[in-house]
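What follows is a set of notes on a single structure, which appears directly below.
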Amino acid sequence: MHIAEGYLPPVQAAAWFVVSAPFVVHGSRALVQQVRRDPEAKLLLGAAGAFTFALSALKIPSVTGSSSHPTGTGLGAVLFRPPVMSVLGSIVLLFQALLLAHGGLSTLGANVFSMAIVGPWVAYGAYLLARRLGGGLDVAVFLAATLGGLATYCVTSVQLALAFPDPASGFLGAVAKFGGIFAVTQIPLAIGEGLLSVLVVRLLTRV
Amino acid sequence: MTGPLLRMSGVDFAYQPRQPVLTGVELAVLPGQRLAVVGPNGGGKTTLFRLAVGALSPDAGLIEVAGSPVRRTRAGLLELRQRVQLVLQDPDDQLFSASVRQDVSFGPVNLGLPAEQVRQRCDEALAALQVTALADRPTHLLSYGQRKRVAIAGAVALRPELLILDEPTAGLDPAGVEALLRTLDDLHADGTTIMVSTHDVDLAFRWADEVVVVAGGGVRRVPTTEALADPELLTAARLTPAWAPLVHRLIDRLPELSGARPRSAAELAALLTTTEEKAG
Amino acid sequence: MTGPLLRMSGVDFAYQPRQPVLTGVELAVLPGQRLAVVGPNGGGKTTLFRLAVGALSPDAGLIEVAGSPVRRTRAGLLELRQRVQLVLQDPDDQLFSASVRQDVSFGPVNLGLPAEQVRQRCDEALAALQVTALADRPTHLLSYGQRKRVAIAGAVALRPELLILDEPTAGLDPAGVEALLRTLDDLHADGTTIMVSTHDVDLAFRWADEVVVVAGGGVRRVPTTEALADPELLTAARLTPAWAPLVHRLIDRLPELSGARPRSAAELAALLTTTEEKAG
Amino acid sequence: MFAIDVAAHTGPWRLRHPGEKALLALGLLGCAVALPPWPGAALAGTAAALLLVGPARVPLPVLLRAARVPALFIATSALPLLVSVHSPTRLGWNPAGAEAAATTTGRAVAGLLCVLLFSATTPLSDVLPRLVRLGVPAAVTEVAALTYRMLFLLVDSVRAVREAQAARLGHRTWRTTYRSLTGQAGAIFVRAFTRARRLEEGLAVRGYTGSLAVQVEDRRVSPTFVVATVALLAAIVATTTVSGASWR
């Protein structure tokens, strides 16, 4: 769900940078401190970033026939915590924009907000809540990845609706329009990513 | 069956337009053969193998398996993959399950076999590669040599007629190489046709029935003795000569060794010790 | 300097308590030597190397570099690394930068050298490994052999007196092996002491001045000819015999070859061709 | 592996100072996004396209392949612009929709070309270490550089594992495909952290104590290039302003 380059009006594109900046700056501070305490963490963080990027090379078969790839933000947030994920996610989104023309530079702020900030925080929140309520690891991871993915998709729909309000019903109508169109691909994908994350975590915990 | 198990005729392949990797490949692998594939790095050995298992589709030419052309449909590839299996050089590219047994069972499970048969195939493959004792170990905690064997077991579990191994002895110590060659000979004795690539000309000489040289885009099949004594071919294939055929020429000058044909340094050592004892 | 460049005495090491990898290691490396280290996988070769560069600390015993004991302080290690450099087998374990020149500059920059000297050292190291043309290429677009050379350049940029290479020829094709050995000989001619590990006994025989056998926890240093002819030692070290010393025994039975000592199959081929021509 | 990355590392502009290319490409991107789309984005996009296939000599197939993914997004996001929602049950054609979709698509295409002008000519290894000079913490740029180095190894692994699984019938049914995907994700996870540990050991041998600072290649800034860039950007801004167009 990367908003393509040039798709948002300039003021909104800039506004999303302003909204995202504090999270990424905060995450960077956390990262700098972590690396200062433990220089080897740099290599682990590099590997985590590379892993998140590499997940986008996986092709999830989708019921709609098209295939898409996981965002990895849910799993990432559970494994690396949201503040660090905001930085790693931003790095990955930058690389996706530059290496794959996936997303864009002017829309980076908006994409960072949906995929590197809201997605991870929702995922992490869902994970903690599920665990507190006594849910098993499987359930918590499934909810984290699925809800993280759904939150990302909802935020993207809102971002597009703000940019292109419906002429008749305004912002809310536009949310319904964009949400409806993307629901076809994104809801199955979010569930697929949830299942995949559970299987991966099972594989890893058995190891 | 008397025809070739695998036949390529006029096969061309390029990853990028106008940069051919292989051109006009003619190759026939007969059932029961042991072939060694030699040639420079980047010369097309792995590409040849990937064509053979249907991972790549040739730009031109025909690839036949057991007499019928490879159809690149789901069913065609399914049939191909049950006959021909490729084990890549790096075992980590092929081990992706948590435990050894799970990994080895991957193919049979995918084939949709009932649990009992999956278990049987798995046990058989683990035994063939002498890794039964590792069955319940996590794959990433194995040594490199063990991972190589497990990766081969994963292919063997599909009971292929032709087993292709890309540099199976790379990274093993000499005793490990010998042990693996013995294992391959056992598989061969059980009826599997085997094709391996290697940089070790002495290994190719002593193990293979024939040598396939992949260099400069072309594929040439030559009897071992000939292949590894032709200086021009050696240079083209970035190879060094093998010791054994040269040693045989030396031995021919010594009538008391009565035309012995040691294929390895160990055999030559034994020969020397015996004859020196006799002389002494 | 006349004393050893590196000396280990009574060195013990274990990764895990009561599972010693090396015990009572005695080893002296003299300036200007070319040593080949052989032994089974998992036998302790890499551990020995990591001890030599201070990446591991011995459980007992003494390690001296250029006559003074290694201090495992920041300053001590900094000094050690300017004298002794280790290149690991897999270049991807040491190349961290996306650009070749940037990667090679890491050592000198880390040493705190001024920019001009860093540049000079880089140019020198790239030239020594014949990878100057790759300086502006990204690491991930290099071939395996090229990455190996760049990783060695990264060590050479620190101008070590002792350069240790773990399996530098593994994975290279025969012509690549020859080219790398020539490069190592050039570095040796420029005054670098070189120690390499290898599984190829023939390579050890023809390239090294002496062979170090690491097996069963112990380290033994033996002249090449002797090392590779002792069946007991070979078995312990999981090695196969080398061809060359055996061929020399054959040659000694042929007076017309007047005690020639070919060190490689190529040399033997040349010898045979010359003498056969004479005879013919 | 990634065609854009290969183009950046092999094209005629690879040794240019990344600052020059950033000024040109991001300047054009600014024009494409911030100026009224007609003629601002059209001019910026055209300039980027001409520069890409002209002096920067980026192969056309690379550009076309790069455009595939964004094209998919643009197509699906343009659909909602064509309809309007009057009530939850009543949809209608949006009379202004076609124009809105066309302008947005045009601006997105222009923006894409501008980003490609940067990414297909500028190796990331040139950019990342220089971000420190813009105030990005060294720890962040070094993590980014490590991510860049390692992602190629991992994406390679994904492909190799996928091929190995296909050979062992991993993509026979929907069920086996899912199992294979899990294996891929698990394998690259294990690989990523094995790589990190091995690199840690490899760097310890090279004397790593916390800094991954390297010498960044000298690249001379070409005054001609900068002047020409500024002139081009000024011309686009001036033309657009004079034409009296407004945003939307």
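All chains are identified by letter, namely A, B, C and D, in their written order; residue positions are counted from 1 within each chain.
Following the convention adopted for this analysis, a residue touches a chain if its C-beta (ideal position, glycine included) is under 8 Å from a C-beta of that chain, and two chains touch if they have at least 3 such contacts.
Here's who's who by UniProt: B, C = ABC transporter ATP-binding protein; D = Cobalt/nickel transport system permease protein.
Predicted model, so just to flag it, every value in this text is computed and none were measured.
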Completion exercise
Of all chains, the one whose CA centroid lies most distant from that of subunit C is A
Fill in the blank from the handout: Of all chain pairs, the one with the highest number of C-beta contacts is A-D
Problem - Between subunit C and subunit A, distance of the C-alpha-averaged centres to the nearest whole Å - result: 47
Problem - Interchain centroid distance [CA atoms averaged], subunit C/subunit D, Å - result: 43
Fill in the blank from the handout: Averaging C-alpha coordinates per chain, one finds the centres of subunit B and subunit C separated by a number of Å equal to 30
Exercise for the section: Give the residues of subunit A that touch two or more other chains, as numbers and ranges in rising order. Expected result: 203, 207
Exercise for the section: Would you mind listing the residues of subunit D that make contact with two or more other chains? Expected result: 5, 124, 145-146, 148-149, 153, 157, 183-184, 186, 190, 195, 199, 203, 208-209, 212
Handout entry: Junction residues of subunit B, two or more chains touched
Key = 97-98, 140
Problem - Of all residues in subunit B, those that touch subunit D in their complex - result: 50, 53, 55, 74, 77-78, 81-82, 85-86, 88, 90, 92-98, 106-107, 109-112, 140, 154-155, 158
Completion exercise
Counting only contacts in the complex, subunit C reaches subunit B at residues 39-42, 143-145, 170-178, 199, 201-202, 229, 231, 238-243, 246-247, 249-251, 253-254, 264-266, 268-269, 272, 276
Problem - For the subunit D and subunit B complex, residues of the former touching the latter - result: 157, 160-161, 163-170, 172-173, 176, 179-180, 183-184, 186-187, 190-191, 194
Completion exercise
Within their complex, subunit D touches subunit C through residues 1, 5-6, 9, 14-15, 123-126, 128-129, 145-146, 148-149, 152-153, 195, 198-199, 201-209, 211-217
Completion exercise
subunit A contacts subunit D in the complex at 2-7, 9-10, 13, 28, 31-32, 35-36, 39-40, 42-51, 53-55, 57-61, 70, 87-88, 91-92, 94-95, 97-102, 104-106, 160, 164, 166-169, 173-174, 176-178, 180-182, 185, 195-196, 199-200, 203-204, 207
